[in-house]
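As structure tokens, here come the structures.
Each of the next two complexes has chain A plus one more chain, namely chain B in the first and chain C in the second.
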Partner chain A sequence: MKERIEVCLSGAGGQGLILAGIILAEAAGIYEGKEVVQTQSYGPEARGGASRSEVVISEGFIDYPKVTKSDILLVLTQDACDKYISKLSQDGILIADSSTVKDVPALSAKTYRAPISKIAQEKLGNKLVINTISLGIIAGLTHLVSLESLRQAVLNRIRPRVREINEKALLLGYEIAQKMKLEKN
Partner chain B sequence: MNKSLDNIKLLQGNEACVQGALLAGVRFFAGYPITPSSEIAEGMAYYLPKLGGKFVQMEDEIASMAAIIGASIGGLKSLTATSGPGFTLKQENLGYAIINEIPCVIVNAQRGGPSTGLPTKPAQGDMMQARWGTHGDHSIIALAPSTVDEVFWLTIKAVNFSEKYRTPVILLLDEVIAHMREKVIIPEPEEIEIINRKKPTVPPEEYLPFKPDQDGIPPMANFGEGYRYHFTGLIHNQKGFPTSNPQEIDWHLRHIYNKIKQNAKNITLYQRHFLDDAKIALIAYGSVARAAERVVKLAREQGIKTGLLKLLTIWPFPEEELSRLANQVELMLVPEMNLGQIVLEVERVVRGKCQVISYNRVDGELINPEEILLKIQEEIEK
Partner chain C sequence: MKERIEVCLSGAGGQGLILAGIILAEAAGIYEGKEVVQTQSYGPEARGGASRSEVVISEGFIDYPKVTKSDILLVLTQDACDKYISKLSQDGILIADSSTVKDVPALSAKTYRAPISKIAQEKLGNKLVINTISLGIIAGLTHLVSLESLRQAVLNRIRPRVREINEKALLLGYEIAQKMKLEKN
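This part shows the complex of A and B:
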């Protein structure tokens, strides 16, 4: 693992990206003992518009807490894609929800597309879990954190009533990642 | 790591402030919610009732400041939290707490100003207001953490300093530190040093509420426990009653000023990073210090001997350490999210012994390491 990994989760307000950032930070920080910082853009954007949550993960002390170049960029809306694509590092991984992001600039060789919100609706009957599915995809594509750490962090942060569907969403995301990897090869 | 997972928490700066305050013994909070400090009020409202403490959402910031003063006089460790607009409103009562030597902590999670300014964006524009916002000669203690873990520990320090020196203490956060989440290892209560205000050792009839002990600090009885005394915003004598006696006036002013100045060595906290062989020193605090730490690394990779003096205590200003450093380095660079406030203090202390330059950003964005590095490179090429 690189000394410092910068993750940017972006989309629209209400998609649960800040919670996803917190869960990712807890999975890496609490359950895997790494250093983590989670920040978010916060402002008028919180009511719709582009929204983002940033997580920096490192083996050692994290000095600058914000993302300067994303190693992993998740885009769940076209708006977010247009806004944050320039922050993607040259060999960074781009994950796009192809049901909402139609125009994905092929800036990186590691560009992955999947209709995340469509799959969420079809397989789980609920679009609200696209944040958790996305975390499963990140775990499946990158091994940044293990699926088990993510599962523990999800169970710890999420209300009991929606735990089951989020556990399923996490696994679903992991499977989507395996498929995307096969398609790439 | 020998700590159990239960003790390791991913906390927001504001949440860490709440945890630190509660462990330090704060049992009273009065406030009026304001971004980016509201999570402090939220946390206090959740935890204080469970601990037998009191949370009051007041009608405004002025009343909040008055309420924590009253609670402290009654014997409870008290804290309020606000941001720029509220901090402005608190200045009058802050002066009242200073002149009456009342321990309390005011958290100011700084946002862009003046006036309503930029509610959700970071700034460091209240550094001088923390020092001189209330009128008249006085001393103050102000601390500025730059990590969530430091928020936790410096909140405890702030409460301890306020109790030890009978003074209001200001904790200066900024929006980045207030809202960012990092790991904090919550210690066991017995691992934390807790300081409680000194109580009188004399019988009530002999008690003079503003007569200092040898250490310069007067013991403080809780109001209502049998020690009669009087509070006023007027300059007062050791009994607490107004005075126009020049000797008593002079003594009182110098007393509230000197009790902090004389203890400055124990109050000024800072961290030295790679300064031993440095020719260039960055002087930074709050979230900007995080960018500065990265700059030290980047500059050294290019062979530029750079170090960082990270200020944790802003007031009293760490004059001694800066003065020493001025004899060693050729250049001091002070990056701030304001138009140059602490740099003025640096210039005052350095007295021309080395070059001092400022780097400022006031667009609501955290200064990034690359722009500071660029500034250093420009200076070197001059």
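This part shows the complex of A and C:
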């Protein structure tokens, strides 16, 4: 792993991206002992429905806590894709929800598309779990954190009534990642 | 208001300080149109049960998003007080839960003590709302954000089943602040 990995989770308000950032941060920081800073910003860009959550994970001390160039960029809306694509690192990984992001610039070989919200609706009957599916995809594609650490953080952060569906969503995302990797080869 | 206000909410894991940080950030950033960056860090200091959430609120662009010296420091445990007191700005405001923080250094005239967790238990029968009471206290002491913006953010972030008790907690905190101000005079 690179010394410092910058992750940007972006989409619309209500898609649970802040919670996803916290879960990813806790998985890496509490369950895997990494240094982690998790940030959300509110300002002109956050109004009008956009939402963005950033996680910086490092083996050592984190001096500057904001994402400058994303190593991993998740985009759940076209708006988010258009807005944050320029911040993707040159060999960064782009993960796009192809149900909603129709126009994905083919910037690098590391662009992955999956109809995340369509799959959420069809397989789990609930679009509210696209955040957790996305975390499963990130774990499956990048091994940035283990699936088990993510599961621990989900169990810790998600309220009991929806834990079961979120555990399923996490595994579903991990499987989607395996399929996307096969399709690349 | 100073151009840039740095808030540090500190205590133990499970006290809802991350959620409190997000609510404060949304109140200022979404409902009052300020620039806001909200951060939590995980690392050696976060393990062993400590928890800390930071919010930087500014009228203008935020260049460095981490808290360097707190203008407002909330401490809900003795550990948090001992650890973060050195980061309090010279004329910063310290708010301590006197039910749990017995040894508060009398650093400045702006030290406020209230038995927050005791009041939470006695008045609302629930210690889980100390985070929301604390937000009410911050609003009442500092007018950093309006009570109405905080209420909007609470309604947006807190799940329906516990909204009522959290609205009460917010007002209770605001009242506690008024009493503390009177006692100072």
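Here, the second predicted complex is superposed on the first by the 179 of 185 C-alpha atoms of A that agree within 3 Å, B and C clash if a C-alpha of one lies under 4 Å from a C-alpha of the other, contacts with A are read in each partner's own complex, and residues count from 1 in each chain.
Everything that follows uses one rule, which is that contacts are C-beta pairs under 8 Å (C-beta built on N, C-alpha and C of every residue); 3 or more make two chains touch, one makes a residue touch a chain.
All of these numbers come straight from a predicted model, not from anything done at the bench.
Chemist: Can A:Thr68 be said to touch chain B (first), chain C (second), both, or neither?
Modeler: first
Chemist: Both chain B and chain C contact which residues of chain A?
Modeler: In chain A, positions 22, 25-26, 29-30, 33, 35-40, 42-43, 62, 65-66 sit in both the chain B and chain C interfaces.
Chemist: Give every residue of chain B touching chain A within the complex, in rising order.
Modeler: Residue positions touching the partner: 1, 5, 8-10, 120-121, 176, 179-183, 287, 290-291, 293-294, 297, 366, 368-370.
Chemist: Please name which positions on chain A make contact with chain B in the complex.
Modeler: 22, 25-26, 29-31, 33, 35-40, 42-43, 62-66, 68
Chemist: So in the complex, which bits of chain C are touching chain A?
Modeler: 18, 22, 25-26, 28-30, 33-43, 46-47, 62, 65-66, 159
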